[in-house]
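Shared between the two complexes below is subunit A, which pairs with subunit B and subunit C, respectively.
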Partner chain A sequence: MNTTVVGKNLRKVDGFKLVTGGAAFTDDVLLPGMLYGKILPSPYAHARIKRIDTSKAKALPGVHAVLTYKDVPRVPHTTAGQAWPEPSPYDTYLLDSKVRFVGDRVAAVAAESRALAEQALRLIDVDYEVLPAVLDMEAAMDAGAPVIHDEPDSTKIFDREHNIAAHIRREIGNVDDGFREADFIFEREYRTQRQQHCMLEPHVTICWLDGDGRLMIRTSTQVPYHCRRQVAMILQIPVSRVRVIKPRIGGGFGGKQEMLLEDICSALALATRRPVKIEYTREEEFYMARSRHPQILRMKMGVKRDGTVVASHLQVLATTGAYGSHASTVQGNTGSKVLPLYRAPHLRFECDVVYTNTPVAGAFRGYGCPQGFFAQESLADEIAYKLGMDPVEFHRKNAIRLGDVDKLSAQLGEGKEGLPRVIRSCGLPECVKRGAAAIDWDRKRQSLPARAGFVKHGVGMSCTMQGSGIAGIDWAASFLKMNEDGSFFLQVGASDVGAGADTVLAQIAAETLGVSLGKIIVTSGDTDFTPFDTGAYASSTTIISGGAVKKAAEKVRAQVLGVAAKMLAVPVENLACAKDEVFTTTKPRKSVSMAEVALQALYQEKLQIMDGASHYNTDSPPPFCATFAEVAVDTQTGRVRVVHLATAVDPGVAINPMQAEGQVEGAVTQGLGFALSEELMLNHTGWPMNPNFLDYKIFSAKDMPKLTTILVETEEPLGPYGAKSVSEVPINGVAPAIANAIFHAVGVRIRKLPIRPEDMLRALYEQQPELKPEEALVTQ
Partner chain B sequence: MKSFANVNARDAKDAVAKLGQPNAVAVGGGSDLLGMVKEHLVEPDVLVHLKSIRKLDQVSAKAGEVQIGGLITLDTLSREPAIRSRYTVLAEAAESVGTPQIRNAGTLAGNVCQRPWCWYYRNGFPCFKAGGKQCFSITGENQFHAIFGGGPSFIVHPSDTAPALVALDAKFRVTNSDGERTIPAAEFFALPRVDAARENVLAQDEILTAVDLPAARPHTRSTYHKVLDREAWTHAVVSAAIVLEMDQQVCKSARIVLGGVAPIPWRLPKVEAMLAGKPITPELAAQAAEAALEGANPLAKNAYKVPLTKAVVRRTLLSLATKA
Partner chain C sequence: MFDRVEAFYRPESVPEVLRLLQRSKGQARMVAGGTDLVVEGDRSVRFLIDLTRAGLTYIRSRDTTCVIGATTTLADLEESTAIHALAGGLLSRAAAACGSVQNRNLATLGGNLAHGSPAADMATPLLALDASVVVADGEGRHKMPLAEYFGRAWQNGASHALLIEVRVPMPPQNGRCGWSFQKFGRTEVDLSLVNAAAGLQLDARGRVKWARLALGAVAAAPFRALPVESLMAGREFDHSLLAEAGEEVMREVQPIADLRASEEFRRELSRVVAGRALEECAARAGCSL
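Up next, the complex of A and B:
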């Protein structure tokens, strides 16, 4: 494509401010009279508050408010930052008389200092009736298990008696017939853990009332508009009385696709009529925010002798924790975005998402896919091995391709029927080819395991996909207006959460308007000053918000050309714009600068050049990814080191390749932790054991393998300038590629994440030295 | 966090005097203590800062012996040429600690005296270490707990330098209101069955001021092997500090001390005796590793430490013995 701004490695529009420490983030402001809010977490996994006495806390000088369930409206809602009407159960309350996990809200205080607020919390006297708790998702549906949501006013819960927040069953073709057609059937169980986002900036919110008494919410969120709607509903005030301001965000990864502190912080601001700030500590972030849904996945695949997949059946049991935020939707993706990777005509997905008295799960980069792909891609590797096929060949044979229609997506929409997915661009074969080359696949598959010594090397791979926005639901608007100097204000509801959306959207506007990037000034994510956007999630921003920007820019360009046509006395059709000027495409060459056009419009024609546009898609084009890993397994200590990780991604056209690569590298880093080291551990009473960075092991710089990142660009007809998405898909394939590489290295299959040294050692001792015969290969 | 006063100690005697005040606590780099104060695990009224004591952060040699001031930072210690060359195990242990930030702030004495990092204790459970009457790990999440010497508490001693110092047969100089006493490193640490609330024999108003290392014998080599579940920023899953005195291929004497397996640095006298006077062959190393784990008593979730520790002992012995 012949572009001058799009596709270029331009610097982030907010980069200077960020690296020079400008007032960028939520917490960078200090409002006069600001109070510090703090939430009292439940020490019990499941309890009823029999009596709560706040008098001592209230009497402490410097304490301005203490709120309990008695002081706030009781409005069932979901904290999931989703488009209205949210498909998630309305099972959450601002404050409640029942607590459902260790860390659940009991009360909230606002005081003149953080220390005072902490002190006040300790002065709140609570009598709990401790209830039996259910922590194990496999026991949650049992008869006689404690019912976590026994309150009558919660709605949209699938089966509250059995703690089932959501249930899904979808099928295309006939899976039972499919298995009858198969020559071999493989079935395995996989388990994934509770992973936390560990974004650099914890959740933080500052609320105050402006001069008109309107509620201002400055907050670290991915979803300013959903947040505004939800806070208004929960506090029973009109939406018009609420403004949500999203400053720079220090990472969200899905954890901020959630209305999490905004409601309680607003309640404190309204109660005290003073600015109030609540900021989670790192410890609170671990168990009082959100995490990835732990799942138990039973994956069954039927294949022909030649390796053709005919049927897949995935059964998932997942826990959403104590509240159903994103329960059905994350798990829906575990089916809809994973199973269709193979072209099997018969697919079935079944899932129960259960409540347990554990920290709440929510949206997290990959949104259900890392779990699903761990199962599917591990099993695929096992099947290929059993059939004597190279996994690369297995994928070549079975993977979805250009022109295919994925019918499962049509059945698994966001909480309702979705839309069929048509593959209009697909770089997957090329991703596999280039990824394999980068890791030296053909040679290493042959030579590596033979290496002597107690450190064994192996290589493994996986193929994955994602979506780009939620078809038919995600939408965005943008607005552009021109300034005297030929620059433009771009207003978007889109939320740059650090991934670089402001830059990408400005690049799209600049390209379309024919101006340089510096001529676009972006304002984003402020509900008073920017138009609507569903938010930064589901890999939607570039394709959906970018689509809205392109449309608005096209309209504005038409206005620019209209004015220029008059100035140059040529027909509009003969004009184009580039490099900050409008010029004739016919001889003789004549031109006016953008600034001249702007001056003409503003002062002669009395015309503000401006326009806006809205945009949505009825399809969600998948980005594709092939992940190749080389590992070194120390068979004596169980330590698995990743030596090299090569990730080849098809993001459509990369609007800013440098940023796209950054997203890939960030995603695989989280994928590495998911595969090998990260797990939020709870003890048998539901207490988080490792809510800190010493015990919860994210990858450190020293742990990082050599990374190779390859962008395999394709042109997506539904995307602005051919773009799809990039930020989520690379996380999906890391764990299975590593597990498969481990098998290649030492002949041990690990089906439970994370693979810590102790897990690796245990598996080695169970499965080594002699490989156990694989019982699962059932010949019919 | 509760408020507290800060006072700087002028010298060791002054520090001890100041520690005599009610609810006073000694602090070196604060890398452990301040976290505990924030978590309300200790709530001192006064912090007595030892870093203000002059000359306690130095390494000095006299008559072959080396004296290390207790307030030396781990970073400085790990770079000290005399330590690197002749007491390699200590330099390597110091170097393996946490992160560069922790090594820049943390002191040797603080490292030795740090409190356990058991996640029950650090999460505020009322366990033995917090003055309570039980150890939650026994029936709980005990994957990082003791396989030797446990009971009634099953913590592991967290210090990386402690096994090295015991392996080097160091002597700890302790200052108290009566003056100074010297304690062999091995006797400094105390099992929970002696006092379940503490890890060593220091009284509340005693401080560790210096560490004496005996003159390094010729042909002695040493190393610290730390198994990590992340390449940095973590305590040892298990570790081994080994000092070998060699005569050509033959091991004249050995000292082997394990970390991460017991509530104190865990010395292996039986294994040391097995090795004395013999060339360290792969077979002998394997036998030593087996013997090292005799009597191990793993809990429900830490049995993996047994084969892991065997591997560490065998491997470290062999690589050290064959080192050029």
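Up next, the complex of A and C:
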């Protein structure tokens, strides 16, 4: 593609501000008279508040408000930042008389300092009736298990008596028939853990009333528009009285696709008529924010003797914690984005998402896929091994390809029926080829593991996919207007959360308008000044918001050309724009600069060149990814060191390859932690045991393996300039590629994450290493 | 974090530090690098006494002893040529294994020892090197073996005693000597689940003249595994000796179980890590198994 701005490694449009430490983030402002808000977390996993006395806290000088459930409206809602009507259950309250996990909101205070706020919390006197709690997801549906949502006003809960927030059962073809056709059937159980986002910037919100008494919310969010709608609904004020401002964001990874502090911070601002800030500490972030849904997955696959997959059946038990935020949709993805990777005609997905008295799960990069792919790609490796096939060959034979129609997606949409997925671009075969070459697959599969030494090396791989926006639901709008100097204001509702959306969207506008990147000034994520956007999630921004920008830019370009046509006295059809000017495409060559066009329009024609556009897609083109890992397993200590991780991704066209590579590297880093070290642990009373970076181990620079990142570009017809997405898909394949590499190294299968040294060593002691492929096949 | 702190003192001499400690009646904490103290976030602290200007940052190499001031940073130890020359750079290697670059630029040797963590990575190599420490209190300066320092109640930084310096006797230079530091954490930047420092001298026929082994994080305080040392003395260094030493290590350690690891795993790791330390010593002494 012949482009001048798109596809180039241009610097982030907001980069200068970020690296020079200018006022950029939510917490970089200090408002006069600002109070500090603080939430009293429940010390019990499940309890009813029998009596709550706030008089001592209120009497403390410097304390301006203490709120309990008695002081605020009771409006059942979900905190999931999803398009209205949200598919998640309405089971959450601003404050409630019942608490459902350790960390649940009991009360909130606003005081003149953080220390005073903390002191006030200690002065709140609460009598709890402690209720039996259920922490284990496998016990949540049992008869006699405590009912977590026994309140009558919650809605959209699948089966409250059995703590089932959501239930899914979908089938393509006939899986039972499929298994009868199979020569071999494999079935295994996999378990995944509670992982936390650990974004650099914790959740932080500042709320105040402006001169007109409107509620201003400056907040670290991925979803400004959903947040505005939800806060207005919960506080029962008109949407027009609320403005959400999204400044620069220090990472979200899904944790900020959530209305988490905005409601309570707003309530405190309204109660005190003063600015109020609430910022989670790192500790609070771990258990009072959101995390990845832990799952138990039973994966069953039927294959022909030649390795052809005929049927897959995935059964999932997941817990959403105490509230059902993203319960059905994350788990829906575990089926809909995972099973169709293989072209089997018979697919079945069954899932129960249960409530437990544990921290609330939510959206997290990969959105259900890392769990699903860990199961599927581990089992695929096992099957390939048992059939004596190279896993690369197994994928070549079975993976979805160009022109295929994924029918499961038609059944599993965003909490309802979705739309079928047609594969219009697919770089997966090339990803596999180039990833394999990068890790020296063919040679290492043969030569490893070396016999001598207690450190064993092995290589493993996996293939994964994702989506690009939610088909038929995600949509975005954008607006452009021209200035005298030939620059353009670009206004988008899209939320750059640090990943570089502003830059990519500006590149799309600049390319379409024929101007340099510096001529696009972006304002994003402000509900008063930018048009609607569903938000930064589901890998949607480049394809959906970018689509809206391209459309608006095309309309504006037409206006520019219209003015230029008059100035140059040539027909519009003979004009084009590039390099900040409009020129004739026919001889003789004549041109006017963009600035001249702007001056002409503004002062002669009395015309503001401006226009906006809306955009959505009815399909969600999948980006593809092949992940290859080389590991070194220390068989004496159980330490698994990833030596090399090669990730080949098909993101469509990379609008900014440098940023796309950054996304891949960030995703695999979180994937490495998911595979090997990260887990938020709870004790038997539901208390978080490691809400800190001392004992919750994320990957540091020293832990990182050699990374190879390969972009395999394809041209997606539904994407602006051929783009799909890149932010989520690379996280999905890391854990299974590592688990498969471990098997190659030591002949032991690990089916539970994370694979910590102690877990690895235990498995080496307990499992009989499997090193002979000719071992008996499991048949039915 | 330190909401209650009323004063942050920056004394410029040891007597001044001691005076401030005396006056603050147990409500002061000494701070050097702050890498432990800040994380701890003790809300009862009213006064902080910064030690970094009290003249305790130095490394002095003498004929028989190397003297290291308490506020010498781990980064200093990592880079100092004098420390590189001591016991094959054992202390430099141990320092380099602590935390991240950012931690090591702040963290001090004195802080690492005085904080009293059983997992302190500098403790085991210093124990193996027979180091002693000098502490000062209202009654003057006292020198004592490091092992004794760990045993005393004043190891806690909140006490009225100030760790002044660490004195490391120069180990024998002649003959086939080797030193090693090994640690194991859950990830590369982590508290040690086990750390071990060892030293070994082999005679011309490959027999152990003397062995030293110190273990950390597997008992209430870091300790010298004396039974292992005496078991090895005079024996030929080979696989069976290593296996015997490993068995003895597993008897010596008293690890805890917590969310970081089980007791069983720590015990097993002790054997492996100590074995690797001894093996590395022998290899450095010219005997590779």
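By definition in this document, the second predicted complex is superposed on the first by the 768 of 780 C-alpha atoms of A that agree within 3 Å, B and C clash if a C-alpha of one lies under 4 Å from a C-alpha of the other, contacts with A are read in each partner's own complex, and residues count from 1 in each chain.
What we mean here is this: contacts are C-beta pairs under 8 Å (C-beta built on N, C-alpha and C of every residue); 3 or more make two chains touch, one makes a residue touch a chain.
Quantities reported herein were computed from a predicted structural model and do not represent experimental measurements.
Once subunit A is used to superpose the two complexes, subunit B occupies space that clashes with subunit C. Subunit A has more of its residues touched by B than by the other of subunit B and subunit C. In the superposed pair of complexes, A:T637 makes contact with subunit B and with subunit C alike. Of the two partner chains placed around the shared chain by superposition, subunit B and subunit C are both touched by A:R756. Residue contacts after overlaying the shared chain place A:R51 against neither subunit B nor subunit C. Look at A:K606: by the touch rule set out above, it reaches neither subunit B nor subunit C.
Of the two partner chains placed around the shared chain by superposition, neither subunit B nor subunit C is touched by A:K587. Touching of subunit A by both subunit B and subunit C, each in its own complex, is seen for residues 115, 118, 636-637, 639, 677, 681, 689-690, 694-695, 697, 699-703, 756-758, 761-762. On the side of subunit B, the complex with subunit A involves touching residues 1, 3, 117, 119-120, 123, 125, 136, 139-141, 143, 227-235, 237, 302, 304, 307-308, 311-312, 315. Looking at the complex, you find that subunit A touches subunit C at residues 114-115, 118, 636-637, 639, 677, 681, 689-690, 694-695, 697, 699-703, 756-758, 761-762. Within the complex formed with subunit B, the subunit A residues making contact are 115, 118, 454, 636-639, 677, 681, 683-684, 687-691, 693-695, 697, 699-703, 756-758, 761-762, 765.
Interface residues of subunit C, counted against subunit A in their complex, comprise 3, 39, 100, 184, 186-191, 259-262, 265, 268-269, 272-273.
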